[in-house]
Amino acid sequence: MEAIQRLKDSCADSKAYARRWKETTGGRVIGTLCSYAPEELILAGGALALRIVGGSGSISKADAHLQTYSCSLVRGALDDALNGELDFLDGAIFPHTCDSIQRLSDIWRMNAKTGFHLDVVLPVKLNTQSARDYMTAVMRKARTDLEGVLEQTITDEDLQTAVDTVNGIRSAMQRLYKLRDDRPGAIAGSDLHAIVRASMVMDRNDFLSSLALVVDTLERKPEPGSTAAKRIFLSGGVCNLPDIYGVIESAGGAVVGDDLCTGSRGLTGLVDTGGDPMDAIADRYARRAICPAKHAGITSRGDDLVRLAKASRAQGVIFLFLKFCDPHAFDYPYLKSMLDAEGIPSLLVELEAQTASQGQFRTRCEAFMEML
Amino acid sequence: MITVGIDVGSISAKAAVVRDGELLGSGVILTGYNARNAGEKVFVDLLAKLGLDKDAVDRIVATGCGRSSVDVADKAVTEITCHAAGAHFQDPAVRCVIDIGGQDSKAIAMDATGRVTDFAMNDKCAAGTGRFLEVMARALELDLDGFGEMSLKADRPAAISSLCTVFAESEVISLIARGERRENIIAGIHESIGSRVVAMAGRVGLTEPVMMTGGVAKNIGVVRALEKKSGKPIRVSANAQVNGAIGAALIAVCHS
Amino acid sequence: MNGAEKPIDPEKEKRKIKSVGRMKDIMTHYYIEAKTADQTGKKVAWITSGGPVEPLIAMDVIPVYPENHGAMIGAAKMGVDLCEKAEAMGYAGDLCAYARADIACATVDGGPIGGLPRPDMLVCCNNICGTVLKWYEVQARYFKVPLFILDTPFSHTEYTREAHAYVRTQLDEYIAFLETQCQKKFDHDRLAEVGRLSMAGQRLWQQVLDTTVHRPAPMSAFDAFFHLALIVTLRGTQTVVDYYTELLDEMKTRVATGIAAVPDERYRLLWDNLPVWFRTRWLSDKFAAHSACLVADTYTSSWCGTLTYLDDSDFLGSMAQGYSRVYINIGTDQMADMVVDMVEKYSADGLVMHSNRSCKPYSLGQYDIQRIVQQKCGIPTLVIEADMIDARNFSESQITTRIDAFMEVLTGA
């Protein structure tokens, strides 16, 4: 489909896209390091939020700053920044995430030449009133800080417009996810991954119109989904390896849902409209699907995973973690046992950004499908 | 009905022929640098040894990390499923299989029918694999074949703690320099593998009876180390090294 | 150990710190009290090493520190075995070894003291890492006890008004949590008193550490690692004040009589990061063989590093800042400034950094700190790759070579 191809092209080289966007529009580009970066505020400030999910190649300069026991996302991103690959950025926003990204922010601020540097130190727990109040206060501070570095006022009207766009994207993405759940294989896993990536890269209004076209077309053309394939749910963090979808599909699986950071996780929850926009934005970030580096209860992620896996009638769950990702690795044993209790088999795969569909991953997927 | 399983691993290629639920024979050769040729050769050699014609073979399943390069095979199935099938065939009571191969080690949990219910594999690091043993044998300037027997003569297994193969090798070298008995060093190497593999196998439950398969099962020292670390008796399949190939041949029956 | 049968080296005997025995008695008594809490009717709270213990003391709750226990597991060389158990439970081998050891230990009551007493509640303060949050979630599920999280936002470049208000509110929530768990009113006067004792203990601990400014240093960082246990576990009690008063006296006497931690101290080094608990003796001997003394470290000083933010007259009000701005909850550049200050204060000739696989917030950024120290202080630096308790991440031959080469650089050999 042409519309899908257009989305795929734009994020195939996200940095080239952002550079072009900047040249054409004269707008500013802000790199973001986590799905908790307040997109609405960046968009309202007229800037393009470019999500950085890793590096573009092998690691060279980052090794002088980061030990090898930090994840490939952190090392890769820093390597790009130090190699000048991100010099076109006007600034970078670091939401507080995990121990590694926390230090990455410092090292980046001290060494990279990527414009202004904003730390948005969000609460780590989300399930108390004081934490939610702090979330709102931090978001307000981020708005003021952004106004300062962008040297422009962000009005409530700007915010409302941005919220409408971002809400539009999140709603359309949920339709797309629903459609795939109903008809597995109607859209290839790598295509959906590309669309999610595009949602983190492209001019958000352009993205929304292309996305609407894709969803409309797919909804109108009901092709029966693949029924023979095993229904697979993906759980985990950042996985920017489009190849893995092909491996899963050729092994006989069809991905029917995910809670990935490079998947549905950052696209859940709409911002309420009608009230104070800042309150509503903060509220949405406290309610959206949670990252394991945050806390909303001792079994909240397990409850969510079981609910989602059951809702999508998943026959198996594949955990995709970046090696050295502590928050995910800590959750794995209890998530697995909660799935076991529901009779849902699971497979754990530790990934590193540069090692995509190597033999072992293929073997594991195939063995898992054979087992199901 | 005659079926064949061909297991092309990183170090050796194995083949097994099964006729009506009975193992007719098996063969092993080194894989070398050309997995495609090795898969073909171990198959042809075995048929010749058994005096069988290619046309007599009904179905062939390939397995192992070189499974997709075996052109004669009708189907490729992973070594996880094959090892479970092979172990179940050799001893239907078995509920957990530990397979230590050249570059992978695996723990496989299975039900009463031999079906895989869960599995775990080592990460890409070589610790806890056959390759680790090879590196250590080189450091000790010894032949790997004698490792098992020698380690049983250890009086005090040396502590080799590093997880990293390179670091562990340097530990072995300093033990040699310190004049530690070879037997103790080898036993220490086996215990290091045992710890690593038992930790991995714990993730799938290590339900008894446990069987060890794969080429490394021929090393009695590793088997004892696994028993020591897990506190559970380990059964060793008589055809440990060709267990994956046997499983593949059995799976070929089901899929025809 | 039966020391009587060994020949006594009078030189070594003279250098031994005499307070060690008393310290061991206090810790033994403390663990006995904690482990018999179910008989005495006292409640037990597990708390993170950087967490605010004073409200627990004020409520007569016995604080228990899994991290202190982790150090004991490491020193007893039982870390690897427990870490392997945790890996068999599905925890990745890359996770914090304290967490792995503790999680495994809870299920088997292993380790040098047969496990920690069962907690009635868990108190987790994330001012030291995000790892403790995940670790305490695991234990909250395992023990099925309430978990209180004190969320202390990280200060990359500033301690914000917003963060302060948030932490201050949470301290009230913490007190309310304790009132619910203990079913009694919180005594604010008692907290003020505990706060005074806590600050007195911290000041004394800082004074003890400061005695190593003297050349030769009367104690080394390896001694500090040992004597640290009290300021961590019993902060806010008279016991700590008394003990450190005694230890300070001993150190002053050693200074006055010229007793050095390392005989013929010629080189003074600063240590960064947690100790390698299972190799403290080995490392200490290694450096001493080069006439080098580790005179100070960034780790043990963390338990008295925020005294400037604390206020005797309004302890509760100042706790938010005191607990939020601890050494590893601040930006890498601020940490580097503090290391530079310590190099100057203790006249260090070199910096030894333990790149600790278990501790990312402490270790990531070390290479930058290393460069800053080299630039600002012009002293040699060394990075050792190891782990605080997982001996599988320690290569003796590699580290020996590195230390020997570092000392060659330092001595200009």
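A few comments on the model shown:
First chain written, first letter: the chains are A, B and C, and each begins at residue 1.
Heads up, the rule we're going with is that a contact is a pair of C-beta atoms (placed from the backbone, for glycine too) under 8 Å apart; a residue touches a chain by one contact, two chains touch by 3 or more.
Not measured: the values here are computed from a predicted model.
Interface comparison, B-C versus A-C: the higher number of contacting C-beta pairs is recorded for A-C.
Farthest from chain B, judged by the mean position of CA atoms in each chain, is C.
Averaged C-alpha coordinates put the centre of chain A at 40 Å from the centre of chain B. Averaged C-alpha coordinates give centres for chain B and chain C that are 45 Å from one another.
Inter-chain centre distance (chain A to chain C, centres taken as mean C-alpha positions): 36 Å. Taken residue by residue, chain A touches two or more other chains at 323, 350, whereas all remaining positions touch fewer. Chain B has no residue in contact with two or more other chains. For chain C, residues touching at least two other chains, in rising order: 89-90. Contact residues on chain B toward chain A in their complex (touch as defined above): 65, 76-81, 104, 115-121, 123-124.
Contacts from chain C toward chain B in the complex involve residues 80, 84-85, 87-90, 93, 391-398. Of all residues in chain B, those touching chain C in their complex are 161-164, 167, 170-171, 173-174, 195, 198-203, 206.
Within the complex, the chain A residues that touch chain C are 64-67, 69-70, 94, 96, 98-100, 102-107, 109-111, 119, 121-125, 128, 130-131, 133-134, 137-138, 141, 292-293, 295, 298-299, 323-324, 326-327, 329-334, 336, 350. By the touch criterion given at the top, residues 89-92, 94-96, 99, 126, 129-131, 133-135, 137-138, 140-141, 147, 149, 151, 153-157, 160, 162-163, 165-166, 169-170, 173, 331-333, 355, 357, 360-361, 363-368, 385 of chain C touch chain A in their complex.
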